[in-house]
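Down below are the structures I want you to see.
Consider the two complexes below, in which chain A is the common component and chain B and chain C are the respective partners.
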Partner chain A sequence: MNIGDFAFLIPLLPALAFVITLFFGKRLYSGGALIPIGAIGASFIISLLITINILQNPDQVIHQSVHWFAIFNLGILIDPLAAVMLTMVSFVSLLIHIYAIGYMEHDPAKPRYFAETSLFTAAMLGVVLSDNILQMFIFWELVGLCSYLLIGFWYQKPSAAAAAKKAFLTTRVGDVMFLAGIIILFASLFQAFHGEVPEGVYLLQFSEMFNHIDALAAMNATILGMEVSHLTIIALLFFGGAIGKSGQFPLHVWLPDAMEGPTTVSALIHAATMVTAGVYLVARTFPMFLSAPDALIIVAYLGGFTALFAATMGLVMNDIKRVLAYSTVSQLGYMVLGLGMGAVVGLEAIGVSMFHLINHAFFKALLFLCAGSVIHAIGTQDMRQMGGLLKAMPITAGTMLVASLALAGFGIPGTSIGTSGFFSKDAIIETAFVFGEYSHDWIPYIFAILAALLTSIYIFRLFFMTFTGKSRNNAKAHEAPSIMTVPLLILAVFSLVFGALTLKPFIAFMERTFDNNVISLNIEHLATLGNYDLVLEHGPEPLFILWLPVIVAVAGLLISYLLYYKQVIDVSKVVSRENPVYKLLYNRYYQHKIFTELLATRIVYELISLSADYFDRKFIDTIVDGIGKITMSAGNFMRKIQTGVVQNYVAAVVAGVGLLIILFRLIVEVI
Partner chain B sequence: MIGLEHYLILSAIIFSIGLYGLMTLNNGIRLMMCIELMLNAAIINLVAFSAYSHDITGQVFALFVIALAAAEAAIGLAIMLAIYRIRDDIELNEINILRW
Partner chain C sequence: MIPIISLMILIALIGAIVTIFTKTKEHARIIALVTSVVTLVGSLYMFFNFDSQSAALQFVDTFEWIPSIGVSYTVAVDGISMPLVLLTSIVIPLIVLYSWNESKNPGKFYGMILATYAGVIGVFTAMDFFLFYVFWELSIIPMFFMINMWGGPEKAYASIKFLLYTHVASLVMLLGIFGLFFGAYFQAGITTFDIPTLLSQYQLFESELARTMIFIALLIGFIVKMPAVPFHSWLPHAYVQAPTAGTILMAAIMSKMGAYALFRFILPMLPFSGSADLMITVLAALGVLSIIYGAFLALAQDDIKRMIAFSSVSHMGFVTLGAVALIPLSVSGAMFQMFSHGIITCLMFMAIGAIQTSTGTRLISELGGLAQKMPKLAFLMVAGFMAYLGLPGFSGFIAEFTVLNFSYISLPGYVLVALIAIVITAAYHLWALQRAMFGVYNEKLGNEIRDITNLQTFSMAVFALLALYFGLNPSPVMDMIITNAEQIVGLMATAGV
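Let's look at the complex of A and B:
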């Protein structure tokens, strides 16, 4: 019996736990928390065993598929990419579920909470191990639904309900693009087969998609006078889905608002797992992007811009969770930037990007859980009312410091000493440097370095404001119970050592994703399709480049230290409504004004909706109502025929029969 | 010797009586009896032709029509009874509240 035969249990167990907890959770211990924990724990063990199996033998990936209907199938594909993702998702989800027992202790709706997070975990695991893009899309929508439900978990709060709606609608924009991409892909592949698909070939399977990249690249469409290959269109539409899910500019607006949900939800969905689904989607379909360098450039620029843009807003937020939310957007920008570097370094791009994804999941989940622990203790999210918590909450403060160091990327280049964030973020920044070196396009690198500086400043601002100085709050802070601190400690250990232990083998392992018994691709050939060459070997970067990320991280720490700990200058002078830069940042670049008031209210509502409404009322309604009125008046006139006198009806019947007979006679005679 | 035409003439006379009644009477029960007459005229026709052409089909059909007539009479009488209970008479032309 192979461990791969149990792969279907990975999403199935949490899904079963969802049903049980939803219906019987009230009668069980702690709102039925133990059932999802057990189920996800089992999923984690299966995922871990599968990962170990694949690690030893990367050629033999797990692939199972059953016929669904027509030319679609349902299947499981666990290759290196999926395996590490599965393990990470189930592991982080397990820890957060354990933590939630403590965090949600006083909430009366615990069964609903645990049921929904369990369903979310099932859906997320389903996204990861789908072997075709249609199935992936179905699970993709399901995680969106769970995100909606959990952001609006405290639906009695109007702000939570509004945030849930905003998240759902904003990601929907991306999802529609993703769906459009699938439809175009399907139509193009159908055309490539000349409309005759042989038995047993499932068009939307990843392996089938990758086998026809040449055909897709050869098809062209003209859009706005530009000749674009179908491949580029499909890749960009898929990336559109990723933009929505992974909170990239300009669809990132939902993510900071999503912090209305419980902190554990923010940690699970909006930091570690769901938001990385977009990155995973791009990594999963990466061969298509490799052959469409135009799409890759857009990916790189958008990622770099998002990394910097979100970091600037993270600088001025006062809500502890919002700072972390912008930080998540910024770090996701890094991952997307890393993917965009594929135009030079090839598959190494998904290696560095996924590496950052995994590490980010550890330290960002840790940051959120620490923030949750602080919120749990003092009952506010406003950092201006925190301070001096170091003594009261030593474990939380210590783990938070570890996570902050990991996020800022502290470590010593050239050695294996450093936090996990250091190795993964540096890998991306160095890849951006290689990209700049070979394509003479330095913009992604500059974005990445500036964002690294800002990252360090905002995260230590958060740390100093929360844990040092005088307490600005009357609440009696206390350390969280051990059911909450143990997951913190475990995550802290991973944040510290995971990167150092796994950097090189991890990236090499990732590169095996598209070279095994199911999917075997010639990467250089894909690059030639896009008219460029890959840089296969790039030597050690200059020493200065290796040290620069650490230097900016230390600089950020110093700036924060001086401003928020020593307070060498009075911060409140800078932080005022008169300062135009602060005003711009604090108002988040007026995104709300632009998106809601200008785009939604002025253009969509007043211009398009109202004119459509006028046209509908005046023009279409006149026609429809007119037809109705004519029918009514005709009926009014005609119903006088129905006299209700039996004799009239009989006479009519007899007259009718007589007429028929005469007609019949006439016809017979004529013939 | 009674030939086919005798039966047809009988049937035509009964049918005409039924039709005349239907066109002149007003009482619900009487109208139903007229309809029965017309149905029975048709049955006579069926049986007569059946016997004349040595084909059993017409007689089978006659049985069907009889069953149908019985069902129709049962339902019709029930309706008449219900109307009578409400209005104390069954003058059909007076029952016109659903008319325009």
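Let's look at the complex of A and C:
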């Protein structure tokens, strides 16, 4: 028996746990929490064993496929990329489920909570191991559903109900682009097959897609007078899906609002796993991006911009979870930026980006869970009402410090001493430097460095405001129970050492993703299709470049230390409604006004929808009723020729039918 | 060989007549339930014994009826009609269960449901134009009474509008049928109403004008019934005023009559209609217009039943779009959409009916926070809304994805426009949920609100599970559809479209 034969259980077990917990959770311990925990634990073990197998033998990936309907299939593909993602998702999900036993202890709707998070885990694992893009899209949407349900978990709160809707609709915009990408991809492949798809060939399988990249590259469409490759269109539409799910500019607006859900949900879905699905999608379809001209450059710019843009807003938020939410958006920007660097470094981009994805999952989940521990203890999310929690909550504070150091990227270049975030984020920043060196385009690098500075400032602002100084709150804070602190400690260990232990082998392992018994691609050839000049060897970067990220991180720490710990200047003077920069940031660049009030309410609802309704009632329906009225008055007039003599009627009917027949005959014969 | 289809129609008719004359609610509903369950068994028997590999007519039952004018009684099913017969026979017993406590004229109420049932099964299976028309009318008349006797405040206006609008359309359709009949008579000397014969004769008509006019006459009859924008204005009135059972009959089943005819008559005739390309363009445009316009109108509604009514228009647009894209699998997707929409729409209107009976209002602005008082309804309603907005995992996604994906091959521009509607569709569904079901409970609704009954839960859960089942495993229905879709498109391809 091969462990790969059990791969289908990875998403199936949590899905079954969903059904059981939903219907029988009420009668079980802690709302049935143990069922998802057991199921996800089993998924984690299977994933881990599979990963170990693939690590030993990266050529032999797991691929299974069955016919589904029409000309589509369902299948499992576990290659290096999927394997590490599966392991990470099931692992983090397991820890957060355990933590949630403590965190959700007093919530009466626990069974629903555990059922939904379990379904989420199943769907997320499904996204990861799909062997075709349609199935991936299906799980992708299910993940979105779970996100909707869990953001709106406390649906009695109007703000939660609104946030859930906003999240679903905003990501839906991305999803439609993703769907359009699939449709165009299918039509293009269908054309490549000249409309004759042999039995047993499933066009939307990743392996089929990649094998026909040459044919796709030959197809061009003209948009607004520009010749655009089909591949670029498809890749960018997929990227549209990623923008929605992974909270990239301009569709990031839902993610901060999503913090209305329980903190464990934010940690699991809106930090560690679901929001990385977009990054995973781009990595999964990376060969298409690599052979699509211009696509990777757009990816790089958007990622870099998002990293910086979100960080600016993270500086001024007062809600502890919102700071972390903007931080997530910003870090996702880094991952996307890392993928875009594939324009120069090829497959290494997947390695650095995925490496940051995994490390980020650890330390960001940890940050959220620590925040959850604080919220659990004092019952507010507003950092202005926190402070001085260090003594009361030493474990939380300690693990939070570890996570903050990891996020800010503290470490010593040239050695293997450093937090996970140091190794992963610096890998992206260094790749951006390589990109700048070879393409003389320094913008991504500048974005990345500036964002690193801001990251350090906002995260230590959060730390100092929450844990140091005087308590600004009357609640009696206490350390969380051990069911919550143990997951914190485990995540803290990973945030500290995972990066240092795995950097080089991890990236090398990722680069093996597209070279195995199922998919074997010539990367250099693909890059020439996309007009990218790959740099295969890039030596050690200058010392200053290696140290710069650490320098800005320390600078950020110092700034925060001076402002929020020593309080050398009175921050409240800067932070006032009078200051236009602060106002702009605090109002989040007026996105809410632009998207929700102007676009959604004014334009879509009031301008288009209500006027269509008016048109329908007043115009179309009036015409119909008008015809009725005309007929009635005509009838009233015609009534005068009603004689009441049956013979007359019969004569009229016969004449009428006769006329019709003659008319018809004429038509038939004359023409 | 037992004539199953004829027996189903006969049982439904007898059941209808008997029920009308019963005195008590208890008798009426039991007879209605037994009748519909017996016919369901027949329908399931056909479904499981249906040969999905064959495009030919199956379970044929035929005899001469009025030989002098070539009228025969022929009923049969193929891959186009089998899913719809199945759908109908699943829906009817559940409607009866859902409206188990109807106490206003119960005998006539259940009788009308069964009469409509007989008519609809007849429409889907009749292979003779004369018979087809008889059943077509048979299904409209009981529906008129349904709206007129059990409807809401504006029932008189709505029922008359429904009757006149659809009736005028069916008269135009009748003219088209006469055209076919006389055309065949004049040209080949055949007197027959047999559908396959007349359709093959139609291709041979020399006069292009006659062909075009017959085509348009039939098309008008069907497209009003579906309905497609701009012939939809009877729909919001009829759907909203009808009692829940009536709305479900109209939305889930009767709207499929027009759509069914699209595949049975319009597509085989299309290549010979004189200007096939123009017709395709017009129909594709009407389909996309229905999708988009219906979605925006749904967004504007405060009455949640009216919202779902327009949503229904929007969803039926996919049927038109997929049908005229003329790719075997886009046509299949369109047919699957009929089946899927039939299932999901039942769930939607049942949920709204439940809201109305327990709160006394359907206006979203007067609701709020209902989920706290009606958790079972909220659960099923969220499932229904998700299925309706095309969430993968439910049958609606399979249908819409298949339509969009394959229509893009021949009608790319139209599909790209239709994609916009996906966001709008999600928007009005979720917005309605947010305002009606979530948030703070609206105290004005009082404390008397009770959750749905067990029978209602059961009926709605069956539809939710069916939508889920066919969303995960569409093949049982899809396979039989594909066989016939390939045949239709194959015939058209030989005709050069």
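Criterion: the second predicted complex is superposed on the first by the 601 of 671 C-alpha atoms of A that agree within 3 Å, B and C clash if a C-alpha of one lies under 4 Å from a C-alpha of the other, contacts with A are read in each partner's own complex, and residues count from 1 in each chain.
The rule is short, and it goes like this: contacts are C-beta pairs under 8 Å (C-beta built on N, C-alpha and C of every residue); 3 or more make two chains touch, one makes a residue touch a chain.
On a predicted model such as this, the values are computed, not experimentally measured, just so you know.
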Q: Scan A:Val604 for contacts with chain B and chain C and give back first, second, both or neither.
A: second
(Q) Applying the document's definition of touching, compare chain B and chain C: which contacts more of chain A? (A) C
Q: Check the residue A:Val650 against both partner chains and state whether it touches chain B (first), chain C (second), both, or neither.
A: first
**Q.** First (chain B), second (chain C), both or neither touched by A:Ala70
**A.** second
Q: Answer with first, second, both or neither: which of chain B and chain C does A:Ile661 touch in the superposed model?
A: second
**Q.** Partner chain(s) touched by A:Val19 [first = chain B, second = chain C, both, neither]
**A.** neither
Q.
Quick one: is A:Ile446 in contact with chain B, with chain C, with both, or with neither? Answer first, second, both or neither.
A. neither
Q. Thinking of the overlay built on chain A, is A:Ile417 touched by chain B (first), by chain C (second), by both, or by neither?
A. neither
Q. Of the partners chain B and chain C, which touch A:Lys640 in the superposed model: first, second, both, neither?
A. first
Q. Considering each complex separately, which residues of chain A are in contact with chain B in the first and with chain C in the second?
A. none
Q. How about chain A: which of its residues touch chain B in the complex?
A. 639-640, 642-647, 650-651, 654
Q: Please give the residue numbers of chain C that touch chain A in the complex, ascending.
A: 161, 164-165, 178-179, 182-183, 186-187, 205-210, 213, 230, 232-234, 293, 296-297, 299-301, 329, 332, 369, 371-372, 382, 386, 391-393, 397-398, 401-402, 404-405, 408-409, 412, 415-416, 419-420, 422-424, 426-427, 430-431, 433-434, 437-441, 473-475, 478-479, 482
Q. In their complex, what parts of chain B are in touch with chain A?
A. 19, 22-24, 26, 31, 92-93, 95-96, 99-100
Q) Tell me, which parts of chain A touch chain C in their complex? A) 68-71, 134, 137-139, 141-142, 145, 148-149, 152, 155-158, 160-162, 164-165, 168-169, 172-173, 175-176, 179-180, 182-184, 186-187, 190-191, 195, 600, 604-605, 608-610, 612-613, 616, 620-621, 624-625, 628, 660-661, 664-665, 667-671
